[in-house]
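Going in written order, the chains are labelled A, B and C, and every chain counts its residues from 1.
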Amino acid sequence: MTLSPSDIDARLTAVRDASPLVQCIANAVVLNHLANTLLALGCAPAMVDIPEEAGAFARTAAALLINLGTPYAEPRAAALEAVASATDAGVPWVLDPVAVGSLPVRTRLARELLRHQPAVIRGNPSEVMALAGSGRGGRGTDTLATADDARQAAQDLAQRHQAVVAVSGETDLVTDGVTDLRVRNGHPWLTRITGGGCALGATVAAFVALDSSQPFKAVAAAVAAYAIAAEQAAAHAAGPGSFKPAFVDALHNLDQATIAARLNMS
Amino acid sequence: MTLSPSDIDARLTAVRDASPLVQCIANAVVLNHLANTLLALGCAPAMVDIPEEAGAFARTAAALLINLGTPYAEPRAAALEAVASATDAGVPWVLDPVAVGSLPVRTRLARELLRHQPAVIRGNPSEVMALAGSGRGGRGTDTLATADDARQAAQDLAQRHQAVVAVSGETDLVTDGVTDLRVRNGHPWLTRITGGGCALGATVAAFVALDSSQPFKAVAAAVAAYAIAAEQAAAHAAGPGSFKPAFVDALHNLDQATIAARLNMS
Amino acid sequence: MTLSPSDIDARLTAVRDASPLVQCIANAVVLNHLANTLLALGCAPAMVDIPEEAGAFARTAAALLINLGTPYAEPRAAALEAVASATDAGVPWVLDPVAVGSLPVRTRLARELLRHQPAVIRGNPSEVMALAGSGRGGRGTDTLATADDARQAAQDLAQRHQAVVAVSGETDLVTDGVTDLRVRNGHPWLTRITGGGCALGATVAAFVALDSSQPFKAVAAAVAAYAIAAEQAAAHAAGPGSFKPAFVDALHNLDQATIAARLNMS
């Protein structure tokens, strides 16, 4: 199973043309970077994350991202409101279970959110294993496991929740529980900037907004575009500091020729 | 009505020389970018945004910015404390009504804050129309209307609250309800970084701090300096990622020659 | 008292090799910059800052930073949990008393936290004097005093709490109450980006994580490495906007030759 460069580029172009409204309820560390990533992709990000506002807003969004880092009480309540609305209104939503496992508040919240049919779950191997019940989670967002270590857990989660699961790592794994796909693009500096994984969650939400009927392909395209932009950015950066703005530029400027030259998916 | 490059430069220099203390109660997405923008202008930003601290602090500030994105309960209470103190102490304050309109919590708060005599209201066309009661607001911070679409609303607001109203767009409109002024500088990448409008609110607060007796001219100068710095930055950037640090540099380095070469105000 | 370039480099290398888990409970303005600074140093930052999660997590961390800017209620409760755990488990923790003095909520919290044996206190001169009871604090994070103005206060604090105190300024002062050390490296642009002092707090935590038995030397090495990276970055930046990513790059790439060429410590 693979996607062609032209298919990935077509999906990226569709995102840019449609400028989908992507609601994010996300952690305080990366709110700014998520918004900038979505803007670079041509989306309209909306960080509507308080009770009484988040639920109604979710009905009007094209996609919703719930990211569980720094789960303060107001965003927790907002997340529950928002996923209920999104599910009710047919708005696809993405769960990014940041550091679930041993941290009790977010782990309980993740389990409660999972009842509301996420379209996609995106996490690192430790998070995916913890969510599937087969691991205790890593050190915060840090992980020592590879995406393939979490393959069984990802497939289980995907089948149990009828969701696409994307596991991040040196090789990224995308599965719908039956078919697996691997993306071997990317760059280690994505793990040396905060939000390197979280912004992929936002990118996935943007792509799924445009094609919720084929979420597997949408997620795979998002993962590939994101990882290729990282490679492109690293070639122009002197370290993780300059990599971050270069990555935003690379996502903004990504074209089919670059995708074709770099894509490593199977 | 217009300002000369030397008048704008004189006001910018006054900000740099005085290093005004600008208190911000602002949304979590852009707190960092607002602080960096104010620091680049030579100001002393102070994000004092919790109850019991914000009110007393506002008496000592040179200006206060209230930005309504991500209006969590503590900053909401802090905002009410702070504007009451600011009004009482004669400290000019700026309202940035982010995404008011259909979002109920911030819209109620904006109406309550408006009773406390803001010196300036800065928003996009949708926000200004919603605040004036003539529109339902846009999609988050996104807007399809032009500043001139919001001209009547802006004039109404200005007269009703005896405030200067600045409407952002491809052309920026500044009005005190009687006189209008347009700034045709700027760059589309300001809409492709988060906080592109919010940081203008902070810049306006900095300029008004130095000249609260002539807020109309102070706001116009702030809008022009900000928009010209954006043009200057775009010339050195490869996309919105590199535009953001280049913009902060450009504000920091802005001089009279650049203002004179680029100013397009009428 | 001084450290050799090779000693500083050895401590920096130890941080990179060990990748210590550094928990931060810090202000919303700089959370992102602190995480990126720690990642550039090779650490695993974890912004675990809510009640019920922060306390248990602190037992597993290699070091803990408590930074008091924007002290919302949840991080305040989390900070108390976390320092109690850290002290109990022997995890060194660093207090950054942002803007204590006249702001009542954070000043009360700082006094309460001080009962839990911080390994290090890092602040600007106004903050250190306010914490020691000999000053009223500055304007937010702004200060007009020099580090040597706060020397007596720093020594008093160090002796009273058996902590190392680092005072930031054009010259940085590090004291354990008996021995003083001064670092004359650094660059004024550190005061023109938000988090320039706060990220030093995070860097200090990273170095102390690796050598809590000799905190004085660990703090001095952290201050020197940080200040030298700032000099290195300024040489490649056009203003505070480009200085920020350049600084993160410089920390990431800092080597013994650069330390040896620039170190000015006595």
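The rule is short, and it goes like this: a contact is a pair of C-beta atoms (placed from the backbone, for glycine too) under 8 Å apart; a residue touches a chain by one contact, two chains touch by 3 or more.
Since the structure is predicted, the reported quantities are computational estimates derived from the model, not experimental observations.
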List the interface residue numbers of chain A and of chain B, divide the shared ones by all numbers used, and answer same when the ratio is over half, different when under half.
-> different
Would you kindly give the rotation angle relating chain A to chain C, two copies of one sequence, based on a CA superposition and rounded to a multiple of 5 degrees?
-> 120
From the C-alpha centre of chain A to that of chain B, how far is it in Å?
-> 32
Quick one: which residues in chain C touch 2 or more of the other chains?
-> 28, 32, 72, 244-245
Chain A partner contacts - residues on chain B that touch it in the complex = 27-30, 32-33, 69-73, 99, 102-106, 139-142, 191-195, 237-242, 244-245
So in the complex, which bits of chain B are touching chain C?
-> 19, 21, 28, 31-32, 35-36, 39-40, 44-50, 52-53, 56-57, 60, 72, 74, 244-253
